[in-house]
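Each structure below appears as structure tokens.
Both complexes below contain chain A, partnered by chain B and then by chain C.
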Partner chain A sequence: MLEQLAGGALTLFSDPLSIGIFFAGLIGGMLFGAIPGVNMLTLGAIFLPFSGILSASDAIMFYSVLYCSGTYGGAVTAILFNIPGSPENAPTAFDGYPMTQQGQAGKAIGAAVLCSSLGGTCSVFIMIAFTPLLADWAIRAFGPPEIFALVFLGISVASSVGARTLWKGWLSVLLGLMVATVGLDPVAGIERYEFGFVYLLAGIHFIPLILGFFAVSEVFVQAERRVVGIYRMHAVSAKLPSLLEFWRLKIAVIRSVLLGFFAGILPGIGATLAAFLSYNEAVRWSRTPEKFGTGRLEGVVASETANNAATGAAMIPLLALGLPGGALTAMMIGVFQMHDMEPGPLVFINSSELVFVVFAAMFFANIAIFVLGYLEVKTVTQLLRIPFQFLAPAILLLSTIGAYAVRGLATDVLVMFAAGIIAFFLRRSGYSVAGIVLGVILGRLGEQNFAQAMQILSYDMGAFISRPIVALLIGAGVLTIAINVYRALKGTRRGLGVKD
Partner chain B sequence: MSRLCRITAFALGSLFGLTLVAPAIAAEMMEKPGGFPERPLSMIVPYGPGGGSGQVSRAMIQGVKDATGIDINPDYKPGGSGMVGLKTYMAAPADGYTVLEHIDDATSAFAIGKSKIHPAKDLIPLVISQITFSQIYIRSKETRFTDWGSFVKFAQAQNGKATIANVSGEGSMERINMNRTAEHFGFKIQQISFDKGGPRYAALKGGQVDALFEQPGDVRGFLESGDFKPILTFLKERPAAFANVPSMTDVGLKFTPLMRFRGFYVHKDVPAARVKYLQWAFQNGYHADSYLAFNKKKYMDLIPSFRDTKGAKQLIDDTMKIYKKTYKEMGLIQ
Partner chain C sequence: MKKLTPSQWLEVAFWLTFAGLAYVFSFNFSRDIEMYKFGAAGWPRVIIFLIIAAALGQLIQLLLGRGVDARAVGTDTKISTVDVAGQHDTASMIRMGLTFVLPVVYASLLNYTGYYFTTPFFLAGYLYLIGERRAKWLVVVPCVIWVVLTILFTRFLYVGLPVGYWPGFYDFSNWLIVLIR
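Right after this comes the complex of A and B.
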């Protein structure tokens, strides 16, 4: 296998065109991932027509590299300006931005770079070793009932993230779950809470929501501080985290790699949920969960390790079974078909060279993220020296463009500003915007899988809970809720997260 | 192709293809009405990227690009058996910059009263590019049943707990075909809708459901790999490509099967000149070599698939009548 991987690397780097395409995917992904409103899918769609004139291996390799670098790209703006470039970087902002406020931007970006690279590289190695085996196991063991149980486990800990009290945390999550129900229901297409507005039929789009919750509300918060005279510029530091700091987080890294990989392998889950679930698990297993949301390095590590670990994993169902997990892997199916190929078990027999070019490209892309990311730490952190009166309009402008660019609707811009204003007041009152975002993303996925699970099991709750993995995950979720409530009642939970 | 040729082709394509060459070709073939389109179009696809709609939309995007030079970006809006994407589309500006991919579900949803959007009156079909039949699939390694006869016995014994994955809402083509089949053989079956192709096929491959209702082109990869096998074709006669699979006549089903059709639409309020231009672009996209090759690979040449706007309206109207008649017979509408 190592011989085949070396062969893939040789094919990749012996052709100047292939090298050019590799770097186009790498740098393009980092740029498109960092700009809100556009993302790696935008670049993937632009590139699609050109895929036909390239060789199959070059075209597929481009998308593989784009997937790795695009998933990392949004971390930088999430950490520096509270603007997650893509949804999979939203949990990175939970702790990354507070670290910037504390003058630790370099440390946060350094952790994001290293963990993205590490998570992606580990995932590539697992992918190389176990692709056919894991693909088959994942889809056998995890159907809609198990995915719903996984979502439930995620929600059970979401109340602990960023709120002043447990009860405000739960109200935040419930608000998020409620927002997730706006629009047509995912099973029968029944209209809910649309109040006669066509816009609301499709649900509230996630991108304007997170731009409003994170970027716009932060501008308002900082503006208020400036008005009342307590604003101070963020200290600028390009200092990277020490090896000792990483060593202390080794368990979190391993857990995030496994969780990210696991989420990535399931069709329809992907890097965004991987990042959210991994962040939640970091909170769950921490001895000081109340400190998450205030600038914990572990929060950045959990999110960025997991979302990149999911990229390699998402290739497993694609290559081994022909099942795309998300939009970018579906584009890759289109590229395969343009070259008269079908991904699936036969790819390993008929086109093993191509498969190992993909493996090699993803491996080197993750290494390159580390190198380029290191340079990024030393340069982009200097953006924090820009005075607030210039930075705030730039953030608002970038966010407005991002919200509008999603689908060209002015309403999305209004939704973004409305979300920003609401989040501003919720944060002042000790509610958690992170909890709301978690509720929205987990709620949509959870509802759909619960409905499908009930249909599969003929609405038999006994059959549902008697599935071993479901029982384990639901049990762990219930236990988490019980422990949190117990702690709250005992008064052991004090001041959490956002204290604006 | 030599390395030098590939480099040259890529460089030329990258530098000139998008901005110079393609629009020039398009302009020669049909003049742009008032400069339209000045930017890439968006295509709302009301299902996930991995299923049949995702695949046909990408193939048509490529076909339109090849034939006219126009760029189109796909925007997947799965949910509510196609209703989320349809209603999202109606909220977009009717300027021709957004087009819609949709299937026969838009027709059945209107016929049953679930949607107020008539696909031939509120929308203008640019082209229907796929018309196909459906089949029922099981895992090739399945041991509980191996063919249609044993599947029927299994479903009867399950007493309503047998499951089949599809992409369907109440009154959809899948539900009607499946309900009539189940009624004929005296069993009940849970029909579970997965709007995304990946999870739908994973549900059968992973054993989460017992069977899959799908069209052969969408699962060709699984058929060729030997993962899935068809046990019933919803056609009166066996098509040559599936000569070993029983047809409806073979198993005693007498109703007329409903077909799956997929096409591309714009809002009726789009300016007429732009509609004409888009009709030209999409109908040429269908005839592009890349699209025809795609359709052939997806078994879409077994039934003539192409319908222009007039033919598409006729197909929708005819199908609408069948659905309404069926719903009345089933007591679903007055």
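Right after this comes the complex of A and C.
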């Protein structure tokens, strides 16, 4: 196996064109991932027509590298400005931005760099070792009932992220779940809560919501401080986290790698849910969950390790079974087809060189993220020295372009600003915008899989709960809820960190 | 039993009203689906009932005096927000209101006057609202932000931005796009 990997590396670095494509994917992904409004999918789509003129291995390698670096790229703006470059970086902002407010931007970005690199590298090794075995098991063992149970566990923990009381946490998540019901229902396409507006038929897109809840509301909060004359500039530090700090987080890193990798294997789950679930688990296992959302390094570590661990894992069903787990891997299927190839078990026999070039490229991309990311920490944190009154209009304009570019709708920009205003007041009242975003993202996935599970199991709840993985996940979720409610009623809970 | 403040009552009333309205409107799509027993309204109604339960849970916790006081917990940033809320006079309230209204007006105008024409005015207006009074910066900063981001997204990333459909604005936007590209 190692010989084949070395062979893949040799093939990759013996051709100047391949090297050029490798760095194009790497730097392109970091840039497109960081700029709101465009993301790695934008670059992937732009590149798609040109992939036909490249060799199959170069084209697939470009997308693999893009996937790794694009997933990391959005962490930087999430940490510095509360603008997640992509949805999978949203949980990074929960603690990353408060760290910036406390003058620890360098530490947060350093952690994101190291953990993205570590998570991605680990997942590449697991991918190399277990691709055929894991793909087969995950696809067979995880059907709609298990995915719904996973979503239920995610929701049960989400209520404890960032709100002042348990009930406000729950109300935040439930509001998000309610927002996710707007539009066509996932079973029969019946219009819900559209109130005659065509715009609402497609549902409220979560990108304008995320930009509004995080970036715009933050501008409003800081603007208010300027208006009443108590604004203070953030202290700026490019200091990286120490090795000791990382060593203390070893369990969180291992848990996040496993969780991210596992979520990445499942088709349709992907890096976004991996990051949210990993963050939730970090909260759940912590002895001081109330400190999450206030600038905990572990929050950044959990999110960034998991979303990059999911990238390697997403290649498993793609290569072994020909099943894309998300939009970028679906594009990769298109690239395979442009070169008259079909991904699946035979690809390991017929095109083993291509497979190992991809493995090698992903491995080196994750190493390169570490090197380039280190340089990024030393440079981009200086952006925080720009006075807020000059930064705020730029953030608003970037968010405006980001919201508009998703679907080309000015209404999305209006929704984003409305979300920003609502989030401003919700944050002041102790509700959790992180919980709302979690609810929106998990809601549609949860309903769709619940409906499918019920149809598959003929509405037999006994059969549903007797599935071992379902029982385990639902049991963990119920236990989490019960403990939180008990603590709330006993008054022992002391409110979780409020993300201002 | 603790006495609640009007804002605490208002908060609970808001959630109950929200849930009530959501329930009433759910009858608009409460139709049977042949292949799915719970229908299109099943899932939203479960969420609505959970919202009611959580709102009542919040009420009970507050009445029992076990709600967490806003000033007693959390982070420095939270406490500072609470402090900010108490520091508004009429003038700052109006200015704060305008910082909410201006972006909404801008977003509403995008379809009519387009991004290219409207944005510099929006940026200058926002800069003024958040306290910048130096004329030089009120001109330079919006222009620099607008030029850099417009060239980046229009010239290099080919992101389509609103051109506006009112005569004149549409022509201006298209002229500018051709010029930039």
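For the reader, a short list of remarks on this structure follows.
By our rule, the second predicted complex is superposed on the first by the 497 of 500 C-alpha atoms of A that agree within 3 Å, B and C clash if a C-alpha of one lies under 4 Å from a C-alpha of the other, contacts with A are read in each partner's own complex, and residues count from 1 in each chain.
Convention: a contact is a pair of C-beta atoms (placed from the backbone, for glycine too) under 8 Å apart; a residue touches a chain by one contact, two chains touch by 3 or more.
Model, not experiment: these values are computed from the prediction.
When both complexes are superposed on chain A, chain B and chain C sit side by side without a clash.
Of the two partner chains placed around the shared chain by superposition, chain C is the only one that A:223 touches, whereas chain B remains out of contact. Contact with chain B, but none with chain C, is seen for A:183 once the two complexes are overlaid on the shared chain. Applying the stated contact rule after C-alpha superposition, one finds that A:164 touches chain C and leaves chain B untouched. By the touch criterion defined above, A:54 reaches chain B but does not reach chain C. A simple residue count on chain A separates chain B from chain C, and the partner touching more is C.
By the document's definition of touching, both partners, chain B and chain C, reach A:42.
Looking at the shared chain after the overlay, A:455 reaches both chain B and chain C. In the superposition on chain A, contact is made by A:400 with chain C only, not with chain B.
Aligning both complexes on chain A leaves chain B and chain C separated at their closest CA atoms by 7 Å.
Under the contact criterion defined above, the residues of chain A that touch both chain B in one complex and chain C in the other are 42, 46, 185, 187-188, 190, 408, 455. Touching chain C in their complex are the following residues of chain A: 35, 37-38, 42, 46, 98, 101, 164-168, 170-171, 174-175, 177-178, 181, 185, 187-188, 190-193, 195, 216, 220-221, 223-228, 230, 290, 294-295, 388-390, 392-394, 396-398, 400-401, 404-405, 408, 410, 413-414, 416-418, 420-421, 424, 427-430, 447, 450-451, 454-455, 459, 485, 488-491, 493-495, 497-498, 500.
Chain C meets chain A in the complex at residues 11, 15, 22, 25-26, 28-29, 31, 33, 35-38, 40-41, 43-44, 47-48, 50-51, 54-55, 57-58, 61, 64, 66-68, 70, 72-75, 77-78, 80-85, 87-88, 92, 95-96, 99-100, 103-104, 106-108, 110-111, 115, 119, 123, 126-127, 129-132, 137, 141-142, 145-146, 149, 153, 157-162. The part of chain B that touches chain A in the complex is made up of residues 1, 3, 6-7, 9-10, 13-14, 17-18, 42, 48-50, 54-55, 58-59, 61-62, 65, 71, 73-77, 79-84, 87-88, 90-93, 97-98, 109, 114, 160-161, 163, 169-170, 190-199, 201-203, 205-209, 220-222, 224-225, 227, 290, 294, 297.
On the side of chain A, the complex with chain B involves touching residues 15-17, 42, 45-46, 48-50, 52-55, 58, 138-144, 183-190, 198-199, 201-203, 267-268, 317, 321-327, 330-331, 333-334, 337-338, 340, 342-346, 407-409, 452, 455-456, 458.
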